[in-house]
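The same subunit A turns up in both complexes below, where it pairs with subunit B and then with subunit C.
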Partner chain A sequence: MTDPLPVPVPILRLPRGPDISGGRGFSRDSRRNSQHFPELQAARAALRERFLRLLSSARGRPARFWLWSGIAVDAEFGAADAEPVAFQVDSLRTPLGVQGAALLRCGDVLAFSIPLE
Partner chain B sequence: MNDWQKKSPLDWETYVNKLVKVIAVEKLQYEGWVLTVDPVSASIVLATFPENEKASISFIMGHAVQEVEILQEGDSHMKQRLARIFAPEESQAYSSEELDKRKNALKTWLETNHIPVAEQGELGTTLCVAGVLTIDPPYGPEQCSSSNEIILSRVQGLLQGYLEKQH
Partner chain C sequence: MAMRQTPLTCSGHTRPVVDLAFSGVTPYGYFLISACKDGKPMLRQGDTGDWIGTFLGHKGAVWGATLNMDATKAATAAADFTAKVWDAVSGDELITLAHKHIVKSVDFTQDSNYLLTGGQDKLLRIYDLSKPEAEPDVVSGHTSGIKKALWSSDDKQILSADDKTVRLWDRSTMTEVKSLNVAMSVSSMEYVPEGQILVITYGRTIAFHSAETLEQIKSFEAPATINSASLHPAKECLVAGGEDFKLYKYDYNTGEELESYKGHFGPIHCVRFSPDGELYASGSEDGTLRLWQTTVGKTYGLWKCVVPEEENAEAAKARTTLPGTAEEEIVAEEIASENSDTVYSSTPEVKA
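This part shows the complex of A and B:
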């Protein structure tokens, strides 16, 4: 007679607190753990707010993107996602023609600039 | 991650309103006044005011930054010039009496709707809702801030409805 099949045991994973063993819990001095440092959180918030305001002011403006290997392309700036991971642009002028709408990966972009009216 | 991306927001804040030279990968160089550094991506935003050309804003991605050197501190004139970039185009100016009236009207309205509200800040110009959300002058949905996005969107919706009913 064969043994009965072992009953699967549910595994409950909880975030572990900080400890000396280098556990993967939330570290107290982690850069992202800024709740304990109000001045750090205030600086983060102020810088981020300014950044988001500048990004939103870039919407609809002509932009020039500098990519790797010295390539520069012109497009109309559309939007960026939160990280940002990608930029959405309109009428991207590539060497092969104009692309109506496109996403540029942030990893491919080194810098971009927009005119300030 | 490069050294620049590892910096703390407090370090980045020290660069704001200063003239810097940024050396990026592939020998790219940028010079301009620091408007901000995005704490998420470490991207630097510079404003440049060339003499014969139009002023422009440059965003240099955090992953491409190699070195940042401070060239000059910003004086009060330059700080004002940079602050103007952030001012909304069609911003409405409110007198302090008007702001006070708006604040008191909103406070009364929130209280009649049984929403706990208190004044905070040195001059009591900021309204604090239930201890988790603040509303700054001129007390519109855009001026709400909270780390709890559910509460934020609820209160912003309430405020929107309140302002629409007034007009």
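This part shows the complex of A and C:
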């Protein structure tokens, strides 16, 4: 009786290679990097907190969103998600009428502004 | 069920990989640095082979590379007549140490405060890294270019190898303690602190010597010229590779050849066991590094041991998943063409 053929050990994936962009790597996002440079992490945390507070204070304010191809739309700012991936807005004024509630993809938004008072 | 070794190929270098070194075990795992003739040493995650970054700055082939214990610093030795010390977390170049000839070897002391260098100018240099501008301590005596220089005996001694001799030096007196003549050109040297063992390779011989007396403990002969060998941390086995492109694994106690693997497309220049002994890495003339499991079939790093029932379900899942990006398809083809045998149903899972 012949021995059964050995099966290659399965692997989850191949090792990741260098960046295709040709950068030198050493990702700033790595856990090791943030522990090694505490001032950098403190600065990033402070900026992130400022950004989140800005988003929460923007709720309910009239906002203008600049989209691609020179398009700008007005709406009432609602909320944003974690990354953010999208903005939730109310009363979005579009050429087709007013949309009661809508999601604007962040990839489509170039800039947005809100009055501070 | 019999399992066959699946090596993990780490690509990225464009020229032969001539040296590699692991760090110790850190809270973030352990790391691997590879020295390459393309002048761009790379840092990788030790257990997966994932690329972390490339140290950019050398203007010539990098002949030696090492990491300090906690992988916060790296050092490299190059053909541009410099040794460099790098921040291994940010990738920044910290210190450049000018030499008078090609530098071949670099080694940190355990506290990372001193760097030992050796090269073609036949001199050993000890740099105080807190005062890099200061002149290094110089130890002379070698009559041919130094290939490898290592700290030993808790950094109180230095072991260095040139073409035909291996020498032991006392660090405080800077004088030679003992010298060993080697029959053929020394191709590699590894120091194992626990047990004070020195692993030397020359010709087809893999020899083990006492690091304190330089007396030979034992030696094995391989089927082909060996360029590098490494002893498992638990001293159960050793691995060696050389000119026939194959990797050999031997039982340290009996000298019996346990396994051998084809896979590289060129001579193997360096092999090293990971600090936990679970895998070993090989660097080759073919420009790749490969990671090999010490215990074939064990779940570790990217290797996943799958039992038969699980395996059928996973194989079915893999077959029904759509191929990923073009990059992953090319990679899947690469696996099929690399192995001389057909790839079986348990191909690596492809992300949708």
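As a working rule, the second predicted complex is superposed on the first by the 84 of 117 C-alpha atoms of A that agree within 3 Å, B and C clash if a C-alpha of one lies under 4 Å from a C-alpha of the other, contacts with A are read in each partner's own complex, and residues count from 1 in each chain.
In this section, a contact is a pair of C-beta atoms (placed from the backbone, for glycine too) under 8 Å apart; a residue touches a chain by one contact, two chains touch by 3 or more.
Keep in mind the model is a prediction, meaning the values are calculated, not measured.
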| item | value |
| --- | --- |
| Touched partner set for A:P4, first subunit B, second subunit C, both or neither | second |
| Touched partner set for A:A86, first subunit B, second subunit C, both or neither | neither |
| Which superposed partner A:A43 touches (first subunit B, second subunit C, both, neither) | first |
| Contact residues common to both interfaces of subunit A (with subunit B and with subunit C) | 31 |
| Contacting residues of subunit B [partner subunit A, same complex] | 8-10, 12-13, 16, 24-26, 28, 30, 35-41, 43, 45, 47, 54-61, 63-64, 85-86 |
| Residue ranges of subunit A touching subunit C (in the complex, touch as defined) | 3-19, 24-27, 30-33, 36-37 |
| Residue numbers on subunit A that touch subunit B, as the complex places them | 31, 34, 39-40, 43-44, 46-48, 50-51, 53-54, 57-58, 66, 68-70, 82-84, 106-107, 109-117 |
| Residue ranges of subunit C touching subunit A (in the complex, touch as defined) | 1-6, 8-12, 28, 42-44, 48-56, 72, 89-91, 291, 293, 296-297, 302-306, 311, 314, 331, 335, 339, 343-344, 346, 348-349, 351 |
